[in-house]
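Have a look at the structure below before the remarks.
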Amino acid sequence: MSSKIRMGMVGGGIDAFIGAVHRIAANIDGQIELVCGAFSSNPEKTKATADALFLNPNRAYPTFQDMILKEKLLPENERMQVVSIVTPNHLHFEPAKMALENGFHVICDKPVTFSLAEAIELEKIVTKTGLVFALTHTYTGYPMLKEAKYLIKTGKLGKIRKVVVEYPQGWLSTNLETSGQKQADWRTDPKRAGISCCMGDIGTHAENLAEFVTGLHITEVCADLSTFVEGRLLDDDGNVLIRFENGAKGVLHASQISAGEENNINIRVYGEKGGLQWQQKDNNSLTIMLLDNPVEILRTGGPGLSSKAAPANTRVPAGHPEGYLEAFANIYRNFAFAVRAYNNGIKHDFDTFDFPQIDAGIRGMLFVEKVVESSKKNAWVKM
Amino acid sequence: MSSKIRMGMVGGGIDAFIGAVHRIAANIDGQIELVCGAFSSNPEKTKATADALFLNPNRAYPTFQDMILKEKLLPENERMQVVSIVTPNHLHFEPAKMALENGFHVICDKPVTFSLAEAIELEKIVTKTGLVFALTHTYTGYPMLKEAKYLIKTGKLGKIRKVVVEYPQGWLSTNLETSGQKQADWRTDPKRAGISCCMGDIGTHAENLAEFVTGLHITEVCADLSTFVEGRLLDDDGNVLIRFENGAKGVLHASQISAGEENNINIRVYGEKGGLQWQQKDNNSLTIMLLDNPVEILRTGGPGLSSKAAPANTRVPAGHPEGYLEAFANIYRNFAFAVRAYNNGIKHDFDTFDFPQIDAGIRGMLFVEKVVESSKKNAWVKM
Amino acid sequence: MSSKIRMGMVGGGIDAFIGAVHRIAANIDGQIELVCGAFSSNPEKTKATADALFLNPNRAYPTFQDMILKEKLLPENERMQVVSIVTPNHLHFEPAKMALENGFHVICDKPVTFSLAEAIELEKIVTKTGLVFALTHTYTGYPMLKEAKYLIKTGKLGKIRKVVVEYPQGWLSTNLETSGQKQADWRTDPKRAGISCCMGDIGTHAENLAEFVTGLHITEVCADLSTFVEGRLLDDDGNVLIRFENGAKGVLHASQISAGEENNINIRVYGEKGGLQWQQKDNNSLTIMLLDNPVEILRTGGPGLSSKAAPANTRVPAGHPEGYLEAFANIYRNFAFAVRAYNNGIKHDFDTFDFPQIDAGIRGMLFVEKVVESSKKNAWVKM
Amino acid sequence: MSSKIRMGMVGGGIDAFIGAVHRIAANIDGQIELVCGAFSSNPEKTKATADALFLNPNRAYPTFQDMILKEKLLPENERMQVVSIVTPNHLHFEPAKMALENGFHVICDKPVTFSLAEAIELEKIVTKTGLVFALTHTYTGYPMLKEAKYLIKTGKLGKIRKVVVEYPQGWLSTNLETSGQKQADWRTDPKRAGISCCMGDIGTHAENLAEFVTGLHITEVCADLSTFVEGRLLDDDGNVLIRFENGAKGVLHASQISAGEENNINIRVYGEKGGLQWQQKDNNSLTIMLLDNPVEILRTGGPGLSSKAAPANTRVPAGHPEGYLEAFANIYRNFAFAVRAYNNGIKHDFDTFDFPQIDAGIRGMLFVEKVVESSKKNAWVKM
């Protein structure tokens, strides 16, 4: 009798947003069991969180250091096997480093670290330990984006010429951070978020989406970052011209002041033979537009899919909408499969398991550094 | 330290569709733990299912009778507390009856039973035992339908005049049942499905949706049921004129031969002061159309919601799509809350917990009987 | 040097709705020139209308009788050639009859007459005179519906099984007729509209659309007509089960009290091999759903069209939306081509010119009579 | 008895695209009559065009010079009053200049001229003559964009922060110009199109739309223009960062190689208090998103409109789609009204008549010059 993968969590106290999302994502497929956590710097909150999650109170730890050290002492068939890190950006690197160095696999929220330097350092540790490291770039978990990636990779659209990728939000249209709203508070604080708010938080999602779907690296950026809300210390909007390694051109823009927008990340890719479109708002559809042909709508779970990845990451028949949490869960499930494979002796190459890894984290941090630099210089910079 | 609600499952062997859906729904919110099951009449399959689900092999039972009797013998803090029934229609009544009579709460797939007579009998047992009984009419789990129900109840649309409710599918456009496809096989078999295929399987969803959202009972039906696929023994399409207790009129149609349709159940309701629209394909939007006003789009997690039920059944901020599995999970979660309340001494009235109960099952079976009768008579019948 | 077709108009005074639409439709393609009119029973209004339309005041006639008689006396190369009738229903038959009997072709608004008896009488006159008679069932002018008709006719969907056709409006949700609103006034008046308001005005559009697109006659109806607004003398809503000559079944519903709805006439047709969908709101798209294939979206002016009729009735490249007025204009243009052909010696068969003729009018009036009868009897009736 | 405005046309021979569009636009509202033309440099084609349009063959002129001079000799109540110019870009200036200098009002296709220098020269002539000059920036004719402009002007969105405007097309994804396709041929030819293909043809539409709707001037651009199709001499794609006079930022991109795209020009504007969205594909809807409010959908002809301009430029009740040709017709109709006003003694200020004038042409040509310069320099330039 095998058992679920046992997970500990760093961050995700009872009133956090993303911690709850990670727990749902871990729950959905019944592959992972949350067994312990260091949920908050506030011990009362950690205790309350553990209680709400039906955890053994002895496994609600005051600090991540404590969690890692104590869990290590537990019998192998009881102790946690993986650590999920869901803290603000400035608190990713230390727990990830310590977890890996103590033999625990890691699944970490994005952006991967506070700075590019940390990300590069972390990559070394991942490589050295050979453990599984997953980065929760959620959108790559959507089946229709996996299909899009496959279609482009296999030449359906021909050589790629143009990419438009957007992440519009409106939730920071006012200075929400002064109201005590927790999410706004740390994201707009340079000490916790890093050198960028909008580009770090959601620009990286857009960058990741573009590179994931096209399989191409961005090589040059010309960015115009803005802070529209008075008193805010970091950018809340950014428009970026992009150039890709193969000569393709594009536009990437992300915003937290696009009033009225929810989270409608979307992408359009055009090649010599056709184009495609996807948006989170209608995540179960992928629009394929081949030259001289009627538009086709591919659907999650529907007919005419070419990739194996799309159906493999789908749970229910077409027309029963899967969404954000299922996309997120695909990362957790595939991470769990990789960990299980590791336990069965597979080392060092987890690409076939289809989840974002440390290299995606490096790209994201590089992107943030370069768009900030470009915007300051008012000029194109190489990436 | 409290613990998750412990659940056993009847049906849902490894290759079943709806069993897996129930398990995901039970997993999502971390309120319920699957501890045992009688997954199949085939013991090998039951064993394999238990194994795939990381269950204790000793708790994979050959029959539901065995499961109920053996679990009852386990210590109270270990044994299952609720039974989930996910078998074909003809195998709902017996396990539900036995579970209830042995003190286990029940959550059951729809339609509630094989026949109206069984449903009425089951209602008596539920009443007598005072236990929690939930019926998984999934669509009532959608936040935007809870909002719709609330808006109508509180008079936003004025007196209701017209209802259009549809459930179009195309998956039985060919005689799939002869290919060995398991879902098609039993649904088209009068011995397992009952007197109707289309109306029993999805017509009941449409009927439930109409009565749930409007808060009105259908009182008369005039039905035209058809079997379009040669050799099929039950209806695969049905069109029904409906009349409601308050004088409202409407149309209900469901189909399994609407080629190309996925599962786009949808409803439109019109009253003296305005109308509303909802469809599963865009489940996170609710369109409100008040006379002499621009159309408004309410959104899951978005601004301007009036009900408490919609936000209470939402997990993530607006724009991160929730879907079918989350709607299903809302029923499981609310059922779990009711069971917990029962354990804390609340008896006999679980309406505030907001999930479909045995009365919805009775209405569904009555609807099936009456539309079959109406179609045979080619005439209106009272319901 | 040939010239435009010269047209006279009956009805369409300055504040009428549909008269202005007919004039725009006649103008668009530059094939027709309005030269005279009997626009109103009020001579002042007729004069003002002629003035606003830059007509010769001598050709603004007090009555249609006067117009027909006086124009007949003009030189052949000057006098009107066709008469457009845009009056309320009770004033269609007489001017149509007199125009035809005096050698003028006729284009007439729908429903064709006040009663079925009149329609049958009119058909005899059309046949006897051999002149061109067009009925402005606008929706058949949409290119994507012409494509739909062609695809069904040539077997793309296989044998047709199910049809859903709807015409929801909300403009009569209140008793607008008591406010002096002209359109509401006559449509709800049995003396001018006939035996039905909703079914006569828009139910006939739905019926026409279903028969046009499928090429099948409706043979049985079971209708439930209602008058929801107090004091109103005719129906303002109707739900109808329909059966077609080939065994197909369907639902037709039309409403003037579906609060918030504009004019979103729409149709879905399902056959053995696939289905299709069209709605006026997105009139330039036709959704094709073939079994086991991704959905395809055909577009006005776009690639992949099979019919000749669709491109022949399109003016601008794909993506420049054409709409209601262009659909209407297609009827006028094709009527003009038929008249020109008649002048060149083609008689008696104008089917190839692709516009609705007197037979569509007969079908519409028969439909109205039968749904009224069915609703009164509360039973199915043959049609 | 007044009469229609008499119009002559330069260009628009029988196989041209935009000439036919201008004629339809001029026809729709019955305000304008085409009386003569110099349709082509090929006299046979001019003759055939005149014939197809039922014109007097004596008024089919071999050259625009001939047309202007000969028409001037006709009696005042017979000769043309306005000239419509629908030739390629390099043939706008000369006929416009000559028409104006001979007392004829002008309506001209965009971009206004071949170069900025010509545009500036033309503005002087317009000013000097005091005649009416209209530029057919079609999209400003859409009622919902007039509403958008009004809402922004009256502060509904607060101070504007961000603008995203796009014009994606795919029709030049291959080297169509080598196939003899006329539209592709001249647009990709620097001698006839000017210094830009994509930016001149449709980038100017996007620029015009952004400045029209926001009422703000673009003051800086950073452009990345590309030629993706081998052998092509001008740009077929362009991505531009933009900055506005009030500090707003934005993105403008236009493309002729976005394979699969039709003509879906669209705009999104975000201010401190809310945002709005419009796209040509659904031109009769305007999405309004106010902070902390549900999204509202305003509709052509629908309730809740604030501007007078939207209803004034609408012909039919909500739900009967108007489209591109009606938007175009709004420019012609408003131009006709201005000409009639001129004839009634109003001079020099036609702003209230609501159509694009020479200043919009200057802005467009300036935009083209500056994006070409910016792209060459790989840097921001002031505009």
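Which chain is which? They are A, B, C and D, in the order written, and residues in each are numbered from 1.
The criterion applied here is as follows: contacts are C-beta pairs under 8 Å (C-beta built on N, C-alpha and C of every residue); 3 or more make two chains touch, one makes a residue touch a chain.
Just so we're clear, the structure is a prediction, and the values are computed from it rather than from any experiment.
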- Task: State the smallest step count from subunit A to subunit D, taking one step as a move to a touching chain.
- Result: 1
- Query: Looking at B-D and C-D, which pair shares more C-beta contacts?
  - Reply: C-D
- Query: Could you state the distance in Å from the CA-based centre of subunit C to that of subunit D?
  - Reply: 34
- What is the distance in Å between the mean C-alpha positions of subunit B and subunit C? 44
- Query: Once you find the CA centre of subunit B and the CA centre of subunit D, what distance in Å lies between them?
  - Reply: 55
- Query: What positions in subunit A touch 2 or more of the other chains?
  - Reply: 261, 288, 295, 299, 302
- Item | Of subunit A, residues touching subunit B in the complex | 1-4, 17, 20-21, 23-24, 27-30, 34, 51, 53-57, 169, 171, 261-264, 280-283, 299, 302, 315-326
- Query: In their shared complex, at which residues does subunit D touch subunit B?
  - Reply: 288, 292-299, 302-304
- Which part of subunit C faces subunit B closely enough to touch in the complex? 157, 161-162, 164, 166, 168, 170, 173-174, 222, 224, 226, 228, 237, 239, 241, 243, 249-251, 253, 255, 257-261, 268, 270-276, 288-291, 295, 378-380
